[in-house]
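What follows are several structures.
Look at the two complexes coming up: chain A is in both, with chain B in one and chain C in the other.
What follows is the complex of A and B.
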């Protein structure tokens, strides 16, 4: 039997999976992206460098900071400017906040996919009230704040934000324990994800998957450690790795990352240097090419930028983590239909990011 | 793995068959190679330096020079993570007959990237198993026959 899952919003944006079934076994699962293609790369060639910041962050609305950071880092490298240390720390804070936001979104959708509606309500509630509110206090908008710009960040941190964030994170720590109790330690969740969709280490590298999907397969691949950017080399944090390669270990990677991200934010606030939060940049960017990499919530995001010396990019290519995780859908082959939702969610696939 | 060593070794081994390897900055090496020598070079860098992980494949359009450039970004992934070095292979492709060998036999992970480049630039990857519509609408060919959105001669309405 052949049928489609989607394209009307199977969980995180318009996207279709073409499933071929025999009895209850999935013979073939082919992803069919492109329903939300907005040709960001083409439009970017017609706009000035700064105008592109709000444009490119629309390719991944749940994790906007890392996308804009990769782009800003590329421009800064071409311009040859040094970003002030205070801005680097603020960037780390925003990137980790947006990582938590993205993982909370993922967790909520995962909950509803497995029929656990409390797990849908809690993370969405916490995300909206705690994390996006903190982002709003810092950047002036909840989700798409265009806060990281070439040369630094748009505004300095407001007064009292440190206390507010610490209070938020204290509460969030308690919530994480509750998430663990009702969801990650839940025997039903374990039975539905353990041993389901196993991706071996060598296969993960061969298919080129990235992010938590890679780290759930026993590879310690994280750009924050391997090729540090912003202020990550001055902060102390660990990279969670699980070697089982199943849906459960991929989920645990993201769960532990939320805790680690909170600790990174705390450290960044403790060590926040004084000084400028941005430097002046020029509108014309010198000729050249640059390849900048960051670790976004779903994995490595690379920005390949080619400048011809004018005010607009000649070519901007974003290699996004969800696009690179597309081969992961082959994990569904041979599984039962009921295993499809946990595998789909454990890949944390985000259609907007793939289609750009 | 020293970057200067890699550059020397590539120059010794391939000589005239590739362009001069260039070090853009720390961890970034760029090599230009004609498509006839692409498979040889790709096999060599994979076997010698163990660059087992393809990060991205991009196309660039240069209409004045009558060429496309296909760009592969490669790096090494081990159990302990990425190696920070990124090797860039640039393959110039004639704009009239845009064909180049697919590297899918060497890096499985280029499959979707090459398919995207085929769709948006119209560059044929020889040996790719599945060059089919990916991001664009399936009726694209009827509405815009022989047009490829990321080419420079495809103009947006407000341009």
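What follows is the complex of A and C.
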């Protein structure tokens, strides 16, 4: 039996999976992205460098900081300017906040995909009340805040933000324990995800998957450690790696990353240096090509920028982690139809990021 | 003297009938009025019949909305009705009433529209033999338990029929899943109820309840009660066994194509079925209408039933959905064997205690 899951299906998002079914076994699962293509890269060629910041945020609204950071790092390298250390630390804080936001979004959707409506409501509530509010206090907007710009960050940190964030993170730690009790330790959840969609270490490297999907297969690959950017080389944190390669280990990687991200935010606030939060930049960027990459919430995000010396970029190419995890859908082959949601969600696929 | 009689006396329609010239029509209408004034009609219409069931089910829906909202740190409905949105299910039903019932072009139209009506009828039929007190029962059948199981066996066929008549892929998969699930969980359901029958030596609900006047059967047969509860949850397609209507896999399953009033009827039938499952559990294991005589027996019955329903509803807040293969494995490999052990336990208890 052939049917398509999506683009109008409660379990698809803005894309389509072409599923061929025999009995209850999936014979073939072919992802079909492209329903939300907005030609961000082409529009970016018609705008000035600073105007592009709100535009490229739109490719992944659940993880805006990392996208803009990759773009800003590229421009800074072309301009040859040094970003002040205070701005580097604030960037780390924002990136980790948006990583927590993205993982909470993923957790909520994972919950409802397995029919667990409480796990749908709790992370969304915490994301809105705790994390988004902290981002609003820092950047002035809740989701797409355009805070990281070439040359630093837009504003300095407000007064009392350190105490507020610490309080938020303390509460968030307690909530993480509750998530663990109700969802990750749930025997039905373990039953549905353990041994489902196993991606072996060699296969993960061959397919070129990235981010938590790669780390769930036992590969210690993280740009924050491999090629440190911003202030990551001055902070002490570990990279969670699980070697089983199934849906459960991929989920645990994300769950532990939330905990580690909060500890990174704490460290960044403790070690926050004084000084400028941005440097002056020119509107015209010198001619040249640059390649910059960051570790976004879903994996490695690379930005390739060609400048022809004018106010607008000649070419902006973004390689997004969701697109690189797209081959992971082949894991569904040979699984049951009921295994489709856990495999889909453990890849943390975000259709808008793939299409751009 | 019941309320229907009072209304009929007030309307004084019998005088109007006596003026009708045609003798045959007059005779027919007289018989109708005798039925309307009878005790049976009161039972069917008001208590413990349709009216009571609808009110109970509507308030159960509201309780579920509020309870799950509390678990999920939300507020839940608050505008319809003065007290915390207590009229929300009724408002929802009125909304569904005014919506268009869309029949898919390639569907088998008669069957498609007939299935919701049959579902509600069947679900309501089961409740005729459940006693709210010794006298508050529409039909005090000697084989009441057997009758309810006969009706229960019809539901998977109707679910499959709904999926088949929709002529669509997701509803069809859902119908097949419903068939698998309900057929395989009927067997443990029957077997666990058999333990009760052995102890009570009767298939009549009133006799079963009276047999529990010293011990509730949940104390004598805790294993049987557990199996029965799990099987009831699977039969009523509640979480964690809502596999036939798994949204993210098969888009609401066998009821995916239904809309408007027909969807409302299906939801109503599912909730009546849930109420019925809890009522069966109450009658078989929790001593039915038995309780301190300060309050009427019907109060005790409804209270126990609502508590059982709430326990089933709470599972929705804490458990995700099972996989179909796991569900069948549990049903055939675990529950069936446990329910057979339960029968031996029941025989042992019978030999030792009675």
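Heads up, the rule we're going with is that the second predicted complex is superposed on the first by the 351 of 356 C-alpha atoms of A that agree within 3 Å, B and C clash if a C-alpha of one lies under 4 Å from a C-alpha of the other, contacts with A are read in each partner's own complex, and residues count from 1 in each chain.
Here, a residue touches a chain if its C-beta (ideal position, glycine included) is under 8 Å from a C-beta of that chain, and two chains touch if they have at least 3 such contacts.
Just so it is clear, the model here is predicted, and its values are computed rather than measured.
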Which superposed partner A:118 touches (first chain B, second chain C, both, neither): second
Touching partner for A:182 - first (chain B), second (chain C), both, neither: second
First, second, both or neither for A:3, with chain B first and chain C second: second
Chain B versus chain C as contact partner of A:192, first or second or both or neither: second
Contacts of A:18 with chain B and chain C, given as first, second, both or neither: neither
Chain B versus chain C as contact partner of A:311, first or second or both or neither: neither
First, second, both or neither for A:154, with chain B first and chain C second: neither
Touched partner set for A:341, first chain B, second chain C, both or neither: second
Chain B versus chain C as contact partner of A:39, first or second or both or neither: first
Superposed model, chain A: greater residue contact from chain B or chain C: B
Chain A residues contacted in one complex by chain B, in the other by chain C: none
Residues of chain A that touch chain B when the two form their complex: 33-34, 37, 39, 41-43, 46, 77, 201, 205-208, 218-223, 225-227, 239, 289-291, 293, 300, 302, 304, 306, 314-315, 317, 319, 323-324, 326-327, 355-356
Touching residues on chain B, where the partner in the complex is chain A: 24-25, 27-28, 52-56, 58, 60-61, 71, 73, 77-84, 86, 88, 107-113, 116, 133-137, 149-150, 154, 156, 158-159
Footprint of chain C on chain A - complex, ascending: 1, 3, 9-11, 24, 111-122, 125, 182-183, 186, 188-189, 191-192, 336-341
Chain C to chain A touching residues, read off their complex: 68, 71-74, 169-170, 173, 239-240, 242-243, 246-252, 316-326
